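Note that the chains take the letters A, B, C and D in the order they are written out, and that residue 1 is the start of every chain.
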Amino acid sequence: MTTSSNALLSLDHISLSFKGVNAITDISFAVRAGEICALIGPNGAGKSSLLNVINGVYQPQRGSVHFDGHAYRRMNPYHAAHSGIARTFQNIALFRRMSVLDNVLTGRNLHRRSTWLEQTLNVGRARSDETVQRSYAEVVIDALDLQRYRHTTVGTLPYGVQKRVELARALAAEPRLLLLDEPMAGMNADEKHVMAGYVLDANTQFGVTVVLIEHDIGVVMGLSDHVVVLDYGKKIADGAPAEVRSNPDVLAAYLGTRH
Amino acid sequence: MANPQPSTLPDWLRHQAQHRPHAVALRHKRLGAWHALSWHEVATAVEQLAAGLAQRGFAAGDALLFVSHPREEALLLSLAAQWNGGVAIPLDPHLSDEALRAVLTHLAPRFVFAEDDTQVDRLLAHEGLRVIDANPRNLTPHPHPAVTDYRTLAIPHEGGFASVAQPHDDAFAFVRLDADRQLVAQRLSHATLAQEAQRLVGTEKLGADDEAFAARAFAAASQARYLIAPWLLSGFRLNFPESLATRDNDRRELAPTLVAGTRETYARVAQLVDDRLPGARSWRRRLINRAQRRQGGPLLRVLTWWFISRPLREVIGFSRTHAALVIGPPLDGTTAALFAALRVDVRAWPDTGEWRRIEHRREAPAHQRHAADGAAEQPAY
Amino acid sequence: MGFFLEVLVGGLLAGVMYSMVAIGFVLIYKASGVFNFAQGSMVLFGALTYVSLVERHVKPVLAFGVTLGALVLIALLIGRLVLRPLVSRPPIVLFMATLGLSFILEGAAQLFWGAQVHGLDLGIDDKPLNVGGIMISQFDIFAAATAGVLVIGLSLLTNRTRLGLSLRAVADDPLAALAIGVRLPRVWAIVWALAGFVSLVAGLLWGARLGVQFSLSLVVLKALPVLIIGGFSSIGGAIVGGLLIGASEKLAEVYVGSLLGGGIENWFPYLLAMLFLLARPVGLFGEPAVERV
Amino acid sequence: MSSPDTTLSAPRTFKPYPQQRPLLKVWLAAVLVLIAFVVVPVFGNDYWLNAILIPFLVLSLAGLGLNLVTGYAGQLSLGSAAFMSVGAYATYNLLVRVPALPLAVDLLLGGLISAVVGALFGLPSLRIKGFYLIVSTLAAQFFVEWIFTRVSWFSNDDTSGVLSAPRLTAFGWKIDTPAARYLFVLGVTSVLFILAARLVRSELGRRWMAVRDMDTAARVIGIPIGRTKLLAFALSSFVTGIAGALWAFAYLGTVEPHGFDLNLSFQVLFIIIIGGMSSIGGNFLGAAFIVLLPILLSNAAGALATVGIEAGQLQNLQKILFGTLIIVFLIKEPDGLARLVQTVRNRLRDWPLRA
C-alpha cells in the first residue's frame, strides 16, 4: 500500500534519526490527491519530524518520498515550495512586522512573473502581474474572512487570527499539497470548529490535498478522510477514521495515553 | 415603455436607466476594492438575468428564495425575479435548519440563491431544489447538477426582454419566526412599496445624489421598503459593505448621506464609540458626556463641537448623513443622547405591515456556522 | 631566522594584549549575550582616569582603586539603565546600544580628563632582554605574565565557582535563569565590573606601551577579529585567537605588507577572521547554535 | 460591459470618501516641491546651502542606502563609509578618465561599481548571521580605506590619495554655485528616494522584510534567501555609492580616503536608528537630526560656557549626547522618529477615539 495508483504523496520506508536517536522508523503511507489526511499520535511520536521530512527540512537516513510521480531522497524546503508543497508551523512562523496583506502576498512570490526592476520602475509585466497577484491574495483573504485585518501588523493580532493568516499565506501559494502542523493548537472548541471549517474550505474550494497534525480526536475524525497513527516513531494504524478508531492498538497506545 | 408614472419596481429601474444611464447606481466593495455599476448596467444586468431565469422556467408567480447577506448579486437577482412577475423572498442566512426546512416546504421556491458553498451544501441536503450559487470568489463552478452558477445565469437578449410584472404582484415576501416560534410571512406588492417609497423620499427629501448604505440584513422587510424601493424611485446610490466585519470601516470610507437601521444598528455604533473612547476620567469622554447631558456653557459647547463631536462624526461615518432612519422601535436613551450630541437627527419610521402565520411548527434553537470574527455573534443588522 | 622568531614573538606578545581586551568581551558575552562594543572605550576610560589621577599625585595603588571603583559604578549603571530595559531584545539592538555606550564613555573620559596624550610609567622599563638568542622586551614579558595570571584567575572563577555557574545559566537563557532565582542584575553588575577590571589592566599595559590617548579605544577593532576566530563564548579561544592574530598580522605586515606598501595590519586580521568564519561560522571554540524549526 | 460578472472582471473602482478630498495633500506636496526646488535655491544663503542643506540631503541618501540593507533586509552593516568612498572614487575616475561620459552616467556607473563591491562583501552573509556579519562589513571599511590610500592609481596618481573635485557640468549646466550644487543633489536624492519607496513596496522589498523577520519561514515559502540578501547589499551600496560621490564632489569638494572613516559609517548608522529602521521618510528625519544637533550645540556654546564647558569640549559633549540618544531611542522608540510621526498621524485619523 506504499504507493497506491492515484497517490499525490507517498512515503517509502522512511527512517530518520538524530545522533542515533530514532525519531522515525520505517514509515510508509500514501496520501491520495484531494483527501484530508490526519497524522495523530502522542507527543514525541514523530509527527512533526515526518512533516519536516516531507517538505525537506530534514533528510531521512533511509527511504524515499514520492511527490506526484517524482521520487526524491534529497529535498530542501525551497525546492519543496517550488514543487507545490506549502506548510504552516506548530508555533506560528509569520513575518511579524509585516501587514496581513503583505504576509499573504509573500505567499504569491512563486507566481511573480515580473522582475524587481520592472516592479520598481513600474514597466513591462509589472502592472498586470501586480493586479493578478493582489487579486488572488484578496481571494484568499476573503475566503478566510481576514478583510478587516488586511492592513494590520501581524504581530499585533490575536493568536487564533495569526493561525488563520499563516493558513492564508500557505493557500496563497496555490499549493498542491498543504502541510498543517497543529493548525488548531491552543484553541477552544468554537475556534477549532471555525478553523476546521476553513481547512475544509481549503480542501474543497481550493482543491488542495491536506496533511495535518492534530490532537483533538473529535476534530480529526470529523475532518479527515484518512488517518495515520504514529507511536514512538512507528506507524501503528492507517485507514479511514472509523477503522482507526476501532483499532485496538490505537486504543491502547494512543487514546489510552491521551490526557 | 414611455409610461409617465412607473408602477412597478422594474418600471422604475427602466425609468432610472433612461434618465440617468451613466450615473452610479450600485457600489459594492469586493476583494478590497470598490466596484460600481451604472443604472444602465444594472438595468441590462437585471434584464439579462430575468431572461436567464425565464429560460430556466421561472414564470410569473414563482418564488425565488435568497439565503444570503446583503450583496449586489442577490439584489440584481431579486429584481430579475420581479421582472418576470415573480416574488423575491430573502432569508436570514443564519436561519436554523428547521426553519429553513419549514420555509422550503411551505413556499416551494422555483430557485434558491445561496451566498457561498456552505449554504449551497446546506440547501442540497433538501432534495428537489434548484440552487443558484453566487460563487463570490469565482472558483470552479459547483459540480452538483442542481446548482447553477450565478455567472452563467444571464443571457444577452437582443431587443430587450420585457417585464411582465403587474403593480399588484408581490415584489418581496419576508418570513420570520414570531414570538411563539412560528413561521409568519409578510408580503409587499409593487404598488405598496412604490407608494411607501414615495412618502419616504418626500419627507426625507431624498435625491439622486444621495449615498445610501445597505448594511442591514437583506432579510428584513424594511430593507425593501426603506432602501430598495426608494433607491429605484429616487435614483440615489446604493452601497454594500465588503463584509459584516468591515462595515464600520466601509461606512467611514463612504460617509453615506442616508442610513437606515434598527435601534440595534445605532446601539452598536454607540457601543463602538464607547469602547474606543479613552478611560472614564479622560477629558475627551467627559466632554462627550457633558455634551450628551446638554451641560456646559456656550464656549464649552463650541469647543466640544469642533474638537470632539465633529471629528467623531467623521470617524463613525456620519459626517454627511442628513437622513438617519431608525426603523421600528426608537433608540434607547444613551444611544439617542450620543447621536443628539453629534447633532445627527435620527428619525423613527414604523416597521408596519401585518405578519400572517403560515403554519405551526416547533423550532430547534438557531445555530450559527462560522462567519467573519464575531460577525456571526453580532446581529446581522 | 632569528629575525623571523623575533617578529613572531613580538607578534605573539602583541597578541596577548589583544586577548586581554577580548577576554573582557567574552566575559560580558557569556553573561548577558551582549556583544559589548564599548569594551575599547572602557579600556580608554580606565587608563585615562588612572593616569590623570596619578598625574594629580594620587598614589598609584589608590588611583587604581578609585579607577576600579569608577568602573564598577559605571558597570552598575549600565546594567540598571541599559541592559535591563533591553533584556530579550534582538542581539543587533544590544550591539547598537553598546555602540552608543562607547560614544558616551569616550566623550565622558575626554570631557573630564582632556584629549591630550599622557605618558604612563608602570615602573617596568622597556629594555630588551636576550632570551635564547632573540631580543624580547622585558615589558612584553611582564605584560604576558599579567595576562597569564588574569586568564588563570578568570577561568577558575567561571568554571569553579557558583558565580561561574550562574553566569552560564544566564548566558543560556536570561529569562530561565531569572526563573530559577539567579539575580540577573547582580550577575550583570559583577560581570561588567570584572570586565571593567580586565579592561583597566589592559588599558594600563597598552597605555604604558603607546601612551594613554584616544586611539586606545580603537583596540576594540583589534579584539573583534580575535573574538570571531576564538569564538564569542570561550576565554581560551580569546587567548588563542589573540596570539594567532598578533603573530599573523605582524608576520604579514613584515613579509607581505612590504610588497603591498605596508599598513595592512588594519584589515589583515579581518581578512583572516572572514576566512575563519567561512570555514567555521562559530569560531574555534564557540558552541554551534542549534536552530529549531 | 453589461453582463453582471463584468462588475468583477472590469471593475470601475471608486475613491472612498476621505480620499475624495486629497486636494489638500496635493496642494501641500506642490508647495513643498516649490519651496525645495525654487524658494530655497533662490533665497537660501550660501551658508545654509553649503553647510546644512547639502550635507543633510546627502546624508539622508546614505541613510536610505543603509536602511535598505539593515532596516529592511535586517543585515547589519558598519561599512557604509567604505561603499560611499567606492562610489566617490569610481565616479571620480570615470569623470577624469572618460570625460566623454555625461555626469549622470558617471554617477550611475559609480553606483553600479559600488553595488558590485557591496555584493562582494555581502557574500559572507550567505553563510553567517547576525553580528558576525559586521566583521565582513568592517573588513570592507578598513580594506577600502587602505587600498585608496596605498594605490595612487585610484586617485589619479596623487600619492596622498587626495581627490580634488573636477568641475561638474550636467547637460551643459555648470554646477559651480552652491545653489546649483544644492539643486543637483536635490534632484538626484529625490529620484533615488522615489525609486526606493517603490522598491520596498515591490516583491523584493517584501522578500527583504520576510528574510529579516524570519528567514526559515521565508525559505519554506520558496524565497531564495541568498539572492535576496545579495540584492539587498548590492542595491544598498548602489544608493550609498551615489551618496558618496555627492558627498565628495557636491559637498566636500576635495576628498581623501580618511574622509570616509569608521566614524562616518557610525553616523550613517545613527541616522537610521534615530530616523527609523525600515522607513523611507525616517532617513530625512535622522539626517536632519545628525546635521542640526552639532550646529545647535555650537550655537548653545555661549550658554554652555557659563556652566564651565568651553567650546573645545563641544565635540565630547556631542559624543555623549549622541550615545545617550541612541540608547534612549533603542529602549523607548526602536522604530525611531518615523514611528513617532506615524503614531501622531494615526491618533489624528481616529481622533477622538483611540487609534
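Please note the rule applied: a contact is a pair of C-beta atoms (placed from the backbone, for glycine too) under 8 Å apart; a residue touches a chain by one contact, two chains touch by 3 or more.
Owing to the predicted nature of the structure, the values given are computational and were not obtained by experimental measurement.
Novice: Looking across all chain pairs, point out the one with the most C-beta pairs in contact.
Specialist: Highest contact count belongs to chains C-D.
Novice: Give the label of the chain whose average Cα location is farthest from that of subunit D.
Specialist: Result for max centroid distance from subunit D is chain B.
Novice: Which integer distance in Å separates the CA centroid of subunit A from that of subunit C?
Specialist: Taking the mean C-alpha position of each chain, the two centres sit 49 Å apart.
Novice: Averaged over CA atoms, how far is the centre of subunit B from the centre of subunit D? Could you give it in whole Å?
Specialist: Averaging C-alpha atoms per chain gives centres 52 Å apart.
Novice: Taking each chain's centre as its mean C-alpha position, how far apart are subunit C and subunit D in Å?
Specialist: 33
Novice: Just curious, how far off is subunit B from subunit A if you go by their C-alpha centres, in Å?
Specialist: 39
Novice: What are the residues of subunit B that contact at least two other chains?
Specialist: Where subunit B meets two or more other chains at a single residue, that happens at 30, 138.
Novice: Where in subunit D do residues touch two or more of the other chains?
Specialist: Residues 216 of subunit D touch two or more partner chains.
Novice: Among the residues of subunit A, pick out those that touch two or more other chains and give their numbers.
Specialist: 57, 89
Novice: Given the complex with subunit A, which residues does subunit D contribute to the contact?
Specialist: Its residues touching subunit A are 195, 198-199, 202-204, 206-207, 209-210, 212-214, 216-225, 231, 278.
Novice: Subunit D touches which residues of subunit C in the complex?
Specialist: 35, 81-82, 85-86, 89, 91-93, 95-97, 99-108, 110-111, 115, 221, 224-225, 228, 260-264, 266-267, 270-271, 273-274, 277-278, 281, 291, 293
Novice: For the complex, which residues does subunit D have touching subunit C?
Specialist: On the subunit D side, the touching residues are 74, 76, 124, 127-132, 134-136, 138-139, 142-143, 145-146, 149-150, 216, 262, 266, 269, 273, 309, 313, 316-327, 330-331, 334.
Novice: With touch defined as at the start, can you tell me which subunit D residues reach subunit B in the complex?
Specialist: Touch list, subunit D to subunit B: 1-8, 11-14, 16-18, 350-354.
Novice: Could you please specify the touching residues of subunit B with respect to subunit A in the complex?
Specialist: Those in contact with subunit A are residues 30-32, 117-118, 136-140, 242-243, 245-246, 249, 369-373, 375.
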